[in-house]
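See the structures that follow.
Shared chain: subunit A. Partners: subunit B in the first complex, subunit C in the second.
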Partner chain A sequence: MFNFAFLKKEIKEMIKTPKLIIIGSVFVFFAIIGPLSAKYMNELIAMFATDIEISFPDPTHIQSWEQFYSNITSISMIVFLIMMTGTVVAEKNKGSIYLILTKNVTRTSLLLSKMLAGVLLFTSIFIISVLISWYYTWVLFGQVVYEGLMLSLFSVYMLGIFFSMIAIFLSVVLKSTTHAALLAFAIYAVLNILTILSSINLYNPAGAATLVLNQLKGVDVTHNLIINIIMTILISSILAVASVRIFKKQEL
Partner chain B sequence: MQFAVKTNELVKDFNGLKAVNHLNLQVPFGTIYGFLGPNGSGKTTTLKMLTGMTEPTSGSIEIMGEPMIFGKQKSQEHIGFLPDVPGFYDWMSPRDFLTLCGELFHIPKQELIIRVQELLKIVGLSKSVNKKIGTFSRGMKQRLGIAQALINKPSIIFLDEPVSALDPQGRKEVMDIIFGLKGKVTVFFSTHILSDVERICDRVIIISEGVTVLEDTIENIKAMSETYKLEVEADENAINLIESLILDDKNILEIQRNHQLITLTVIDLDYARKRIYEILHTNSIMVKKIIVKEPTLEDIYMKVVNHNV
Partner chain C sequence: MDRIIELLPLLIPLILIQIGLAIYALILLKRAQQVRGNSKLLWALVIIFVNLFGPILFIVLGRVDDAVRSEDE
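Right, the complex of A and B next:
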């Protein structure tokens, strides 16, 4: 039976420790800075580069979303990933896991609570970020929606869920918070380097970042995005099942 | 006799190293049971198996007559566990933590409020109820650790070296709490502080290198000792005289002199007593003290752990 008490603790912990504040402020900051930098980038460049003549087309809501996707799939995602990697390994190292698992909580229940808390956290900060970006884009450019916006947002959202599962998986299998964080970053880097190979982007969860930018440029990548989303869901599910299976048999 | 904990040929093998080697435990219900052994003898590994944190390589465990299966949570209803260094969530207050523990057992809300208050009182944390656990001393954390182990009114609690990391004051407080549990719950605790064991345990098991070397009641273990010590205190001349008279006595194994004190190690205590009284009477020696020193658990522990028994 699923134990909601532990999920409640996970959520409270995010609020009472700096976790939520750090992740939340990074996401909110970049959600605000995205539309702003899109709007004023040309003027900023012109201000510093006075000796050369630059003529860029006037920015639109497309540039605003471009900034949003670039930021949320890079710095914001890295911060989220690194912050999430401690979730199980820290409890093991601190010893609190012994106090919890000798109560009426199954290992599956404990891990599902951790996953659910991670997903809830990402979902809420993602929605808030989208809303902020939406609002500023509207205010600054007077237009927000473009062809394929919702699908693009969903694929980036699934990328976040995928990285939550990566964090949980590493947190289960590794013995130190530092190792988990370093390896998580390495995986992030490798997957992003692989996006150079555009042919495999539809199978690479991190390929979503490139695909949504193509969509913005007017290339219809709907088909590829759908395949990418399905692959991301599939890989995330495999990671989730593997984490539970390993954790259930783990020597603590 | 009903056993709170029973293991049958319990083995834990870490890549060829047998941390626990065919351990057969029988912990009678309601006892305070001391689990002794030097560092690295397999105590913590055994406790981890008994609490379902580690899977035994072979053998079986019964908790309150029910088989314990690794990965199944059934036995947790019966047990409470305090690891050697309990890890808490520093941002919580002791009340928050105990409430979480109770909720994990699905204890109804009203009952839980009362239970948490009771436990905080038992472990002496009533005054610190709203403080953050992060500000607690080790002793306070250990006391909170005992409270969380008792939240579900378990039949048995496992304590892994509950006082090793504490100062004398903290140690006394924790041992008093454990002693107060006598008769209410079976307490199984590992330690290497032998004076604590002598004071509160009914039975002990001593393991070394994963193997049982001794298991019995404290009284029986002490009675097992083959030697006794007789201590006589008098003025120095008298002690010199006593020493000279018993020097050649074959029944006295060892003589230790320390100014006005002489300690005799003997096999036949009655013989030694008669012999000393005779010497005192015949030579009109006035003594300050004659003490029969019982063997301490420490003497026996050192012997069995060093395979000298």
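Right, the complex of A and C next:
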């Protein structure tokens, strides 16, 4: 049975550790900087490049969301992924996992609690980032919503859930936090390089980043985004089930 | 100058995040008995002068003190 007391403990630990502070700071920082840079980047470039005459079109809320998606799917996601890779492996190495497992907590319950805590962490930080970016976009541009906004936000949210499942999977199968973090980064990089092949963006969870940017440019990618979300949910579920199965049989 | 004053309410949260994170990292640095590279001064400079990512680098990579880590992990 699922152990809610253990989930509560996981959430409390997350609040106490630097993990929440680091992930929170990065997500909030880039949620603020996105709309600001969209609004003032052109002016800054024009200010420094005095020798050349450059004329930029007036930035709109579209550029603000473009910045938001670019930041959240790159720097913020990398930080989140790397911070989450220690979830299980750090406790295995410290030996604290043995203490927990002797306290009537099953391995499945332990891993599910860690997964759920990770999902809750990402969900809350993602919602806060969206609200901040929403507010800044509204203040700076007077307009926020565009067609397909909610679907785009949901696909980026699912990308975050996918990366938390990758982090937990690697944390279960590998024996060192450093190896897990490096491999997580390598997977992130490979999936992002694969986004160049636009034909497979549908099936590549990282393809969501490209698809939402296309949606911003006015291309109707609703159908592709829906398929991408379904694929991301499917791959994330497979990773979750595989993590639990491996962890159950693993020699600790 | 007027532009900066006008933008200040929007910029303050950014400044607070950077200062807050740097103070937090400096507290962890002070508490740490041992740091990677054995130079607390170097880490202090990284924390103070590398915006946003300096404190993160120290928190993630700089701490090797098991006692401190197990306390906050």
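Throughout what follows, the second predicted complex is superposed on the first by the 252 of 252 C-alpha atoms of A that agree within 3 Å, B and C clash if a C-alpha of one lies under 4 Å from a C-alpha of the other, contacts with A are read in each partner's own complex, and residues count from 1 in each chain.
Going forward, contacts are C-beta pairs under 8 Å (C-beta built on N, C-alpha and C of every residue); 3 or more make two chains touch, one makes a residue touch a chain.
Because the structure is a prediction, the values reported are computed rather than measured.
By the document's definition of touching, of the two partners only subunit B reaches A:Phe6; subunit C does not.
In the superposed model, A:Lys94 lies in contact with both subunit B and subunit C.
Once the two complexes are laid over each other on the shared chain, residue contacts for A:Leu36 go to subunit C alone; subunit B is not touched.
Residue contacts after overlaying the shared chain place A:Ile82 against subunit C, while subunit B stays out of touching range.
With both structures placed on the common chain, the touch criterion links A:Glu251 to subunit B but leaves subunit C unconnected.
Of the two partner chains placed by the overlay, only subunit C lies in contact with A:Tyr136; subunit B stays clear of it. Of the two partner chains placed around the shared chain by superposition, subunit B and subunit C are both touched by A:Lys16. Of the two partner chains placed by superposition, only subunit C is touched by A:Val26; subunit B is not.
Contacts of subunit A with subunit B, set against its contacts with subunit C after fitting on chain A, overlap at residues 13, 16-17, 94, 96. Chain contact summary for the complex, subunit B toward subunit A: residues 48, 51-55, 71, 73, 76-77, 79-81, 83, 85-89, 91, 100-101, 103-106, 145, 148-149, 151-152.
Note for the complex: subunit A touches subunit C at residues 13, 16-18, 21-22, 25-26, 28-29, 32-33, 36, 79, 82-83, 86, 90, 94, 96, 136, 139-140. Only residues 7, 10-11, 13-14, 17-18, 20-21, 24, 28, 52, 56, 59-60, 70, 72-73 of subunit C touch subunit A when the two sit together in their complex.
Contact residues of subunit A toward subunit B in the complex are 3, 5-6, 8-9, 13, 16-17, 91, 94-107, 248-249, 251-252.
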